[in-house]
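Comments concern the structure below.
A, B, C and D are the chain letters, set down in written order, and residue numbers restart from 1 in every chain.
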Amino acid sequence: MIVMKETATEEEIEAVIDKIERAGAVPHRSRGARVTVIGAIGDVEQDASVESIGLEGQPGVDRVVPILKPYKLASSQFRHGERTVLDIGGRKVGGEHFALIAGPCTVESREQVLATADVVKDAGVAMFRGGAYKPRTSPYAFQGLGQEGLRLLAEAKERTGLPIVTELMDARDLEPVLEVADVIQVGARNMQNFPLLAEIGRSGRPALLKRGLSATLDELLMAAEYILKEGNPNVMLCERGIKTFETSYRVTLDLQAVPVLKELSHLPVIVDPSHAAGRRSLVGPMSLAAAAAGADGIIVEVHPNPDEALCDGPQALLADDFADYAAAVERAAMLAGKVFSNA
Amino acid sequence: MIVMKETATEEEIEAVIDKIERAGAVPHRSRGARVTVIGAIGDVEQDASVESIGLEGQPGVDRVVPILKPYKLASSQFRHGERTVLDIGGRKVGGEHFALIAGPCTVESREQVLATADVVKDAGVAMFRGGAYKPRTSPYAFQGLGQEGLRLLAEAKERTGLPIVTELMDARDLEPVLEVADVIQVGARNMQNFPLLAEIGRSGRPALLKRGLSATLDELLMAAEYILKEGNPNVMLCERGIKTFETSYRVTLDLQAVPVLKELSHLPVIVDPSHAAGRRSLVGPMSLAAAAAGADGIIVEVHPNPDEALCDGPQALLADDFADYAAAVERAAMLAGKVFSNA
Amino acid sequence: MIVMKETATEEEIEAVIDKIERAGAVPHRSRGARVTVIGAIGDVEQDASVESIGLEGQPGVDRVVPILKPYKLASSQFRHGERTVLDIGGRKVGGEHFALIAGPCTVESREQVLATADVVKDAGVAMFRGGAYKPRTSPYAFQGLGQEGLRLLAEAKERTGLPIVTELMDARDLEPVLEVADVIQVGARNMQNFPLLAEIGRSGRPALLKRGLSATLDELLMAAEYILKEGNPNVMLCERGIKTFETSYRVTLDLQAVPVLKELSHLPVIVDPSHAAGRRSLVGPMSLAAAAAGADGIIVEVHPNPDEALCDGPQALLADDFADYAAAVERAAMLAGKVFSNA
Amino acid sequence: MIVMKETATEEEIEAVIDKIERAGAVPHRSRGARVTVIGAIGDVEQDASVESIGLEGQPGVDRVVPILKPYKLASSQFRHGERTVLDIGGRKVGGEHFALIAGPCTVESREQVLATADVVKDAGVAMFRGGAYKPRTSPYAFQGLGQEGLRLLAEAKERTGLPIVTELMDARDLEPVLEVADVIQVGARNMQNFPLLAEIGRSGRPALLKRGLSATLDELLMAAEYILKEGNPNVMLCERGIKTFETSYRVTLDLQAVPVLKELSHLPVIVDPSHAAGRRSLVGPMSLAAAAAGADGIIVEVHPNPDEALCDGPQALLADDFADYAAAVERAAMLAGKVFSNA
């Protein structure tokens, strides 16, 4: 839909119409009291969309308004309003199924991983999370145990039977990660690392895709489209906070994203309350809020001894409090018509 | 706390110390491995705070870090951790009391106001809201019925017994508003209209103060301080969304503000889910989320026939659905340990 | 322009068409490959615009895309591309005329005001600025000298012949402000104080309208429209920075606003580099940048002794450096084809 | 610097002091009228900073205020206030040297690349830019010519002698990119792709690092630190716009970043006005503004026939206007005391 300027001349209008025709679309002209609007209708494919005709900035053009959403496979329409339900080692996510995913921010030691895995298993979570590769703002910060961390996650999986969620930061690490990960996490900073998304798409492994810190929901869905387009339909979207001017917490958790993403897409929507809050006291209230808002799951950090954590200790739930926390989240999820998912 | 530059000279450090002393504070110097930090301790009053000494920008000074919060009466410390509970015509707000406040965006007609008042009364709300004076972005938009609107609100109050919440935009309208309002609402655009805040402070009438669209929580609390300072302790804080880059809804409802404001302040925290969402389908999920996050109340728009509303119809709940909505909100509030407040 | 959902039924489409007709507009239906788009064309007045028909949220409607800008008198089209040039006591602003406006943030004392006025007069500025009423985030901060401040400004005007720019915060202070102000400044926090804007509109006095800290350019132009609509055509728009997540300076000066406002509107565009920067070292570079970007003027703070300033001292230029500063700004303005305006 | 809560007990204060000591730092306690502040001074290394002690969230702790900047090699202090001047094939960047870098957004064809290269060479630019690998929000959009694109850039380099700036998106493409790139560009979306940054650091090749769309300046400098830490000192920082709520242009070009980055770091600062603007009419004014603000260079898009461009045509300068544009930019750079850099 091309909105012409009030001052556009007949020649400028015809130049636009001509360009639309050369791009293989059918122009459709509406003359209003003050401006002319030209629709570009018809055979325009997703990959030759109105935007790509390059009309923006053309003489006489005020602006180009895209009518169709830029994503296709991720859209609600693609599944005709039916919701995607993933099955991760017997744990369902999406539709009426709510998945609580918990574990330490970072794999630090055998004791820490196994103790945490036992605690969250007992509390009835659906999956275990833990980072072996950690993206850190500072090159001087602890970067994760790498392959040794993956080995410890494999041990936790064997011991508890819980599916594993862990992050992939570098496409060159795909092989070892595939050996242990039931779900590959894409961190917020990699949401638009397009080669990485395509590799995960080709792997076919379920993915948990975190929203970038300043990504719009449309951009998040376009990032999901990169994975889906490679033939991998198993994508969970994850809201984890966006940057704003507010400084009294780390980032702003955008819970309106939950109902909006569920309107726009058939994919499950997970919320990560730990990273947005940056401190433990906010994680409980925001977890209940996320579940009540209709999230399909929560991914949260827990640590047996947060004071000793090498990364993000202050935001980790205490292992001792975790069973009560999980019970409260379950009640909030029920309020939104959800059933807790565990095996 | 004044952080000096690494390159600061002894003269520059002494000039800072001298200036702190002249301002009546006690300087306290800490020499680190790379930088010197100077504390300004002691008799510095709120109204002669470190910032006002004017050290920022002084030669050799890297930055000034305020240690104390700039508000006093609004702070948690002021009431030693005890929470303020307001009593508005017998309805309590704050502490364990949750107040649902509902009504039309704008007073449009006698039929609309009374029909809506009956519906929300039957559903057990605590108060009735409705705008007689409407701040509108466009000078060409409907600006409210003014005094005629106030008269209709008085009639609704008489009929239902519900306390009235209505907005004051102009200090010159204070008299007529005081005749009907049990709670004076300050809109987001007026959060920093300081003369208006001071007038409301002097009036002593309870106030519902909406957070500005780009206000930080500290700025919201400073605005509350303007009211409190005039001797009016009856202030409710209201989160109603902040501007971000996201375009798929109107503004971003910041629910993390709920637990954070409750850490920072003793004042009740209300959430307005209608204006942030801008559309009805998001209001239900975000209301449950707000209540589950621990809000002390919700202020929401409802209309007997939103299609005919003169203002913000698409975000108004349907009167027919309102009783179910109120019951769901009550369950979510209970999850957070709250009791619904009604007479 | 109403975009229907892909799933919209024929009934839903016809309901929209019906509603457009009842609002007095002519519906115009375009059926695309996937969605239907309905234009509402014709007699729709500004004050009964498509938005106000209330179609957003109607069943089957995906979204409503406004085609016309919501402001009329402020738009470039209103003056057919010709630029407004104001004449303030013989100093022109707009078109090819560049106005440097300088003075202290706040009127503090007779000595300070007169000394600063002499300095900026000698450097060839177009107008003198100074605040008698100061909006302060904290109720405990210095709020300005009020009427005594206005009296000192009048003395500075008499002495130097420079027109005076000063802020009005409260409509109840209009009378005394009109006695001295050649230009009434509306602060960023009052950009959407609609009763105040309307009063200034009715006064007919030239206005300098600052952009709110999170206002879009469309909102700024709508605020200007409130003044213009009352018959006062003398409005200058002022960019002074917007809130972002960046914390290494106070707010983000949006210089792209300069060319964009000049595309959208015929009104002069002024830049205030002092408040965005918050510190002196940034004011010089940003002033040159603003002038080079094509601003019609700069409003800047200068102080004979910033260390002693009661408000915003660190961002004030030093009086001793001011003549060099003004000369550099003039060179940058010339680069953009502008001539310095002074009497 | 650890700020304790007003309510902190003596035990809590001692627990913090104990933890600082166990981390190898020296605690330094200051008791104020209302709160206690504890400094952690001394041997704390960059990689064992106060933040990593994990005091945030500890009982009784209000907040942790880092005193030192988290980057070291990128800081002004590291070079004692001296500025880095890069030499790229004889073209200097930084200090008094201003580099204009121009070329098409994307390499599309031999004709397009060579024609553009001739135009910008004749106008006296310092380097030629062009993308062979293009990060695109949509997986359906043109992703660049890849290795064929690199080959065409090599031909342009041979023909004009201009150094080549081109983007690396995937560490697995480093080898072929190193064969032609004199400067490796890191796109905004990859600013925190830490494995990619480390690879570029190890390669030793000069890098142009674009600021992420919501990155703070501190985060940009930490990303630079990832490259510098691997022994590669040749880094240029590039401001290209940040996301805000404003919708009348693509993103907000943050020119205040120019003087602030030059205060914080010794590295050259380049501005990309094309991507922020998204349309040609803003590129000229913002280029002059960037140069007048003191930027060390500009990277800009130019196309012989933007209407036919496969990517971002509307923001490309017209080849026919380029010589005039370059001359105007040179005048603006001279205003800031810079000399155009060309061989």
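What we mean here is this: a contact is a pair of C-beta atoms (placed from the backbone, for glycine too) under 8 Å apart; a residue touches a chain by one contact, two chains touch by 3 or more.
As the structure is a prediction and not an experimental result, all values here were calculated from the model.
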Contact network partition after subunit C is left out of the picture: one piece
Pair with more cross-chain C-beta pairs in contact, given B-D and A-B: A-B
Rounded Å distance between subunit A and subunit D, as computed from the means of their C-alpha atoms: 26
Separation of mean Cα positions, subunit D and subunit B [Å, integer]: 39
Approximate Å spacing (C-alpha centroids) for the pair subunit A, subunit B: 31
Numbers and ranges of subunit C residues touching at least 2 other chains: 214, 242-245, 247, 281
Contact graph of the chains (line, ring, star, complete, other): complete
Residue ranges of subunit B touching subunit D (in the complex, touch as defined): 1, 3, 6-7, 28, 30-35, 37, 39, 41-43, 65, 67-68, 77, 81, 243-245, 247
For the subunit B and subunit A complex, residues of the former touching the latter: 214, 216-218, 242, 244-249, 252-260, 263-264, 276-277, 281-282, 285-286, 288-294, 328, 331-332, 335-336
Subunit A partner contacts - residues on subunit D that touch it in the complex: 19, 46-47, 49, 52, 54, 56-58, 70-71, 135-142, 169-172, 189-190, 192-195, 198, 212-214, 219, 222, 225-226, 229, 242-243, 278-281, 306-310, 313-315
